[in-house]
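Below, chain A partners chain B and then partners chain C, in two separate complexes.
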Partner chain A sequence: MGTITFTEYDGTSHEVEFADGESLMELATSNGVPGIDGDCGGEASCGTCHVIVDDAWIAATGPRSDEESQMIEMSPECAPNSRLACQLKACAGLDGLKVRLPEFQM
Partner chain B sequence: MTTTTSMLTKAKAAITDKVQATVPVDRQVRAAHLVKKAQRFAGLSTPLVFTEQPIPDPADVPLTEIDVSNPFMNRQGKWYPYFARLREEAPIHYLADSPFGPFWSITRYADIQAVDSNPDVFSAEPYIVLGPPPLEIEMFIAMDPPKHDVQRKAVQGVVAPRNLKEMESLIRERVQEVLDGLPTDEPFDWVQAVSKEITGRMLATLLDFPYEQRHKLTYWSDTISGTAEGTGGTTHQDEMFAAAEELARSFVALWHDKAARRAAGEPDGFDLITLMQTSEDTKDLIHKPMEFLGNLTLLIVGGNDTTRNSMSGGVYALNQYPDQFEKLKADPSLIPNMVSEIIRWQTPLAYMRRVAKKDVHFGGQFIRKGDQVIMWYASGNRDERKFEDADRLIIDRKNARNHMSFGFGVHRCMGNRLAEMQLRILWEELLERFDRIEVVGEPEYVQSNFVKGYDSMMVRLTPKAAPAQAGAAPAEAASAA
Partner chain C sequence: MDAGRVVIVGASHASAQLCAGLRQGGWAGEILLIGDEPSLPYQRPPLSKALLAGEATVADLLIRKPEFYEKERVVFRQARVTLIDREAATVDLDDGETVGYDRLVLCTGARPRPLDIPGADLAGVHCLRDAADTDAIQRTLATARRAVVIGAGYIGLEAAASLRKLGVDVTVLEAADRVLQRVTAPAISAFYDRVHREEGVDLRVGVGVAAIEGDAAVTGVRLADGELVAADLVIVGVGVVPNVELAQDAGLAVDNGILVDAHGRTDDPAVFAAGDCASYFDARYDRRLRLECVSNAVEQAKTVAATICGKDKTISALPWFWSDQYDLKLQIAGLSTGYDEIVLRGDPRTGRSFACFYFAEGRLVAADCVNRAQEFMFSKRAIGEGLSPDRALLADPETPLVSLLRAPSVSAG
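And then the complex of A and B:
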């Protein structure tokens, strides 16, 4: 258990409670956080769950994998801390995590 | 290989490689055409022609002989029952012989997603339809990373959401013009008057192509994607070469014309050519003519009959499930979800093709290096393992967005947001104007194993009753008074 904060492109923040093991994509879509589509259902193959991890947290989440890079790096909004939310599993170590959303999903 | 074949192959290789940068692109197309003609003359290849025969029920065909590449499957309403049998009995199915050679059919949602997401094992090169198209145009839809990524990044800005926002009002105006000109007193062909017209206008807008010549875009696109060799369609290869040559000439002219207008001080638009000319990666693309031609062709072919057939398919589906149309009228906020559901239900492109790059065990089968693997999106979208009551159109379906009509992985449709936007605008404007959109008679279907679509569909419109404040009171109100 813990909370994760999603901040939309326009600055609106959503603090969401999680249970261990849920992905950030599932968390966002099941808690009505707008701006995350998750079209492929969490298989890292649509690129519509792009989030940018806060600098203070990137060490905790780790950088994106090659599989994620393949999808995200095609986005014009790709940033060094960009990740696919479906590949980030919430856990105790990520309690308090902050991510922001790009302006558009691909 | 016979001497003649190898000579011809060498001649072709020479044409495509060395001459690329120096010879005008329309001449290159013509040269490729001459090679094809010479092959035919030498008896080395005959153009394919398909003749329609009644297709038996799937239960009456031995499993190993099932051929879902038959271009009449959709027209005869047989694809879905055949796919249903394959998903149950042979989800990774091998057909040893077909007009397109042997191929594997992948028919379950999860398996298709796995193949599409694995470009290291399953290559999109050199082409993504069942048979070799007579002219190989260099398009990034048929390239693997890293080459694919470089080319896609260079052009995708034009259909990126930011650019779409700029284009939305223009697209809406053009949709409104089309709808306001439709007859309401007699049935008309929806495909011609609405679906083709709107997508043609959108493509002309996207490319800043001379507006009055926009029907050419539609014609070129249909001709190029409809070859018998590639997709079992009706285009003869000579017609296809003629279209490609004309397209090449026009696009080169379009580029130079745009450059001249910009040099003369015309303000920059948000069209593709301007975007290419102002982007560091692509400003010299005209000097790589085959690549330039490939990228433009991909945009018009990709954006043409796919969106068109979703525009026709939506109307058809809502006539099959009239309760869903009532649901929509009661709650127009369902439009965005309905758009995804229509694209799922229609699946405008039935498949993409891959080639195994190495021997691989997949889904209990052994796929050999070099085998063709067909990912049947049309089947995956009807897989009950993923979509409950999959054959029905359910406009508020929870997981409609999970459809696979746009593919998955690095090649996932670049124009998906544009397609969704066009369909959303179309339905918003339709609901403003019409109370009933009634399909009269059965539509005619495209002959193809790739494009799942409609040649024609007769429709009758009933306008919405004029709002009370606009003058005459509605009939019921008058008689009730």
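And then the complex of A and C:
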């Protein structure tokens, strides 16, 4: 259990409670966070769940996988801390995590 | 915005997005979600993939958790809508009740096209559209060893791949002269043909099916040339037909889909449609389309939600699709219909990774990418931005894709 904060491109923040093991994509869609679609249901196939991890948290989340890089790096908004939210699982170590959303999903 | 009641018919991909979109757009009134399946909206694509292969259950596949609907004050009701009375602004349910609406959204989707041959109703013969179908297939699979899949479209081929994973013998029968004929270039059909054979599928193209045989349960499939292919499980995947009857009976315009405008509106200002059941005019491809994919259901639902909330949005996102078979992850951006040239990056004749780009009059219109996530995302962006990347450079595996996104390049002949 813990909370994760999603901040939309316009600055609106959503603090969301999680149970261990849920992906950030599931958390966002089940809590009505706008801007994360998750079209493929979490298969790393669609790229519509792009989030950018707050600098302070990058050590805790670790870097993105190759598979994620292939998808995200074509986005004009790709940042060094960009991740696919469906590939990032919430766990105790990520309690308090902050991520922001790009302006557009691709 | 007047707060009234939105009634949504059909509980699946389009409606799950619609519920979220309505609340995000500021709809304060009631939302009543009516669906004839027992479950809240669940992911349909895994039915032929993880679910069929026994790697997931429907409960794992809910698009949004039950708490979402509670929190967003969406009332789910399991019932079938049998009639729309537009004058009274009500719908009749099969449990005898009548419910009023201020806005009505039809998300009725599509149903499997029935196979009109003798024996199609024998036990052990299944279609594959909803969770109940997968359950029924699983029950047959408890004893089945030999499966026949009729139809080599995406769903048929995915089913074949999942069944092979389970160690079942599989024969695929296709009437056209190649697999995926309706949706891809010959080079891609040849690729999937090769892979399915490599994986042990008995694949037959250009064959007619005369009947399904058996006493109570299926024992075989009779081909048009007289041959009998033994089978204790048959999966029929010969396409879908849109569920338009409700709309049609209510006098709404229908033509292979419920006709909607770019904002998702039917010709009745209180009635909207989204998803597999809706036909809209696509500005990018300059023609009327009825698509059958999740991305389209999501985009149309977003558009309808915005329209109901008084915002100006049109159906505009690039449609895309995916298909998982064996170790192949196919991602498709855009629609290839009407292409006049293909460009290959990688070689589909060997190995299992390449991309096929479709051009029409020099413009990139679609791409089929097998185990090529980067090419897929490149294509989504390039097509979305209307780019026409240089074809020779695109075909050259040494060209970094990012370099092709920079200059708004002119088409090189």
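Structural remarks
By definition in this document, the second predicted complex is superposed on the first by the 106 of 106 C-alpha atoms of A that agree within 3 Å, B and C clash if a C-alpha of one lies under 4 Å from a C-alpha of the other, contacts with A are read in each partner's own complex, and residues count from 1 in each chain.
Methods note: a residue touches a chain if its C-beta (ideal position, glycine included) is under 8 Å from a C-beta of that chain, and two chains touch if they have at least 3 such contacts.
Since we're looking at a predicted model, the values are computed, not measured.
Using the contact criterion defined above for the overlaid structures, shared-chain residue A:30 touches chain C, although it does not reach chain B.
Looking at the superposition, the partner that touches the larger set of chain A residues, chain B or chain C, turns out to be C.
After overlaying the two complexes on the shared chain, residue contacts for A:47 are found with chain B and with chain C alike. In the superposed model, A:103 lies in contact with chain B only, and not with chain C. When both complexes are overlaid on chain A, the residue A:58 reaches neither chain B nor chain C.
Contacts of A:73 after superposition on the shared chain: both chain B and chain C are touched. Common to the chain B and chain C contact sets on chain A are residues 37, 39-41, 43-47, 70-71, 73-74, 76, 106.
Of all residues in chain A, only 37-41, 43-47, 70-71, 73-74, 76, 103-106 touch chain B in the complex they form.
Chain C contributes residues 17, 20, 23-24, 43, 45-46, 61, 63-65, 67-68, 71-72, 294-295, 298, 320, 322, 324, 329, 331, 373-374, 376-378, 380-381, 384, 401-402, 405 to its touches with chain A in the complex.
On the chain B side of its complex with chain A, the touching residues are 113, 116-117, 119, 145, 149, 152-153, 156-157, 160-162, 399, 401-402, 406, 408-410, 412, 416-417. Within the complex formed with chain C, the chain A residues making contact are 26, 29-32, 34, 37, 39-41, 43-47, 67, 70-76, 106.
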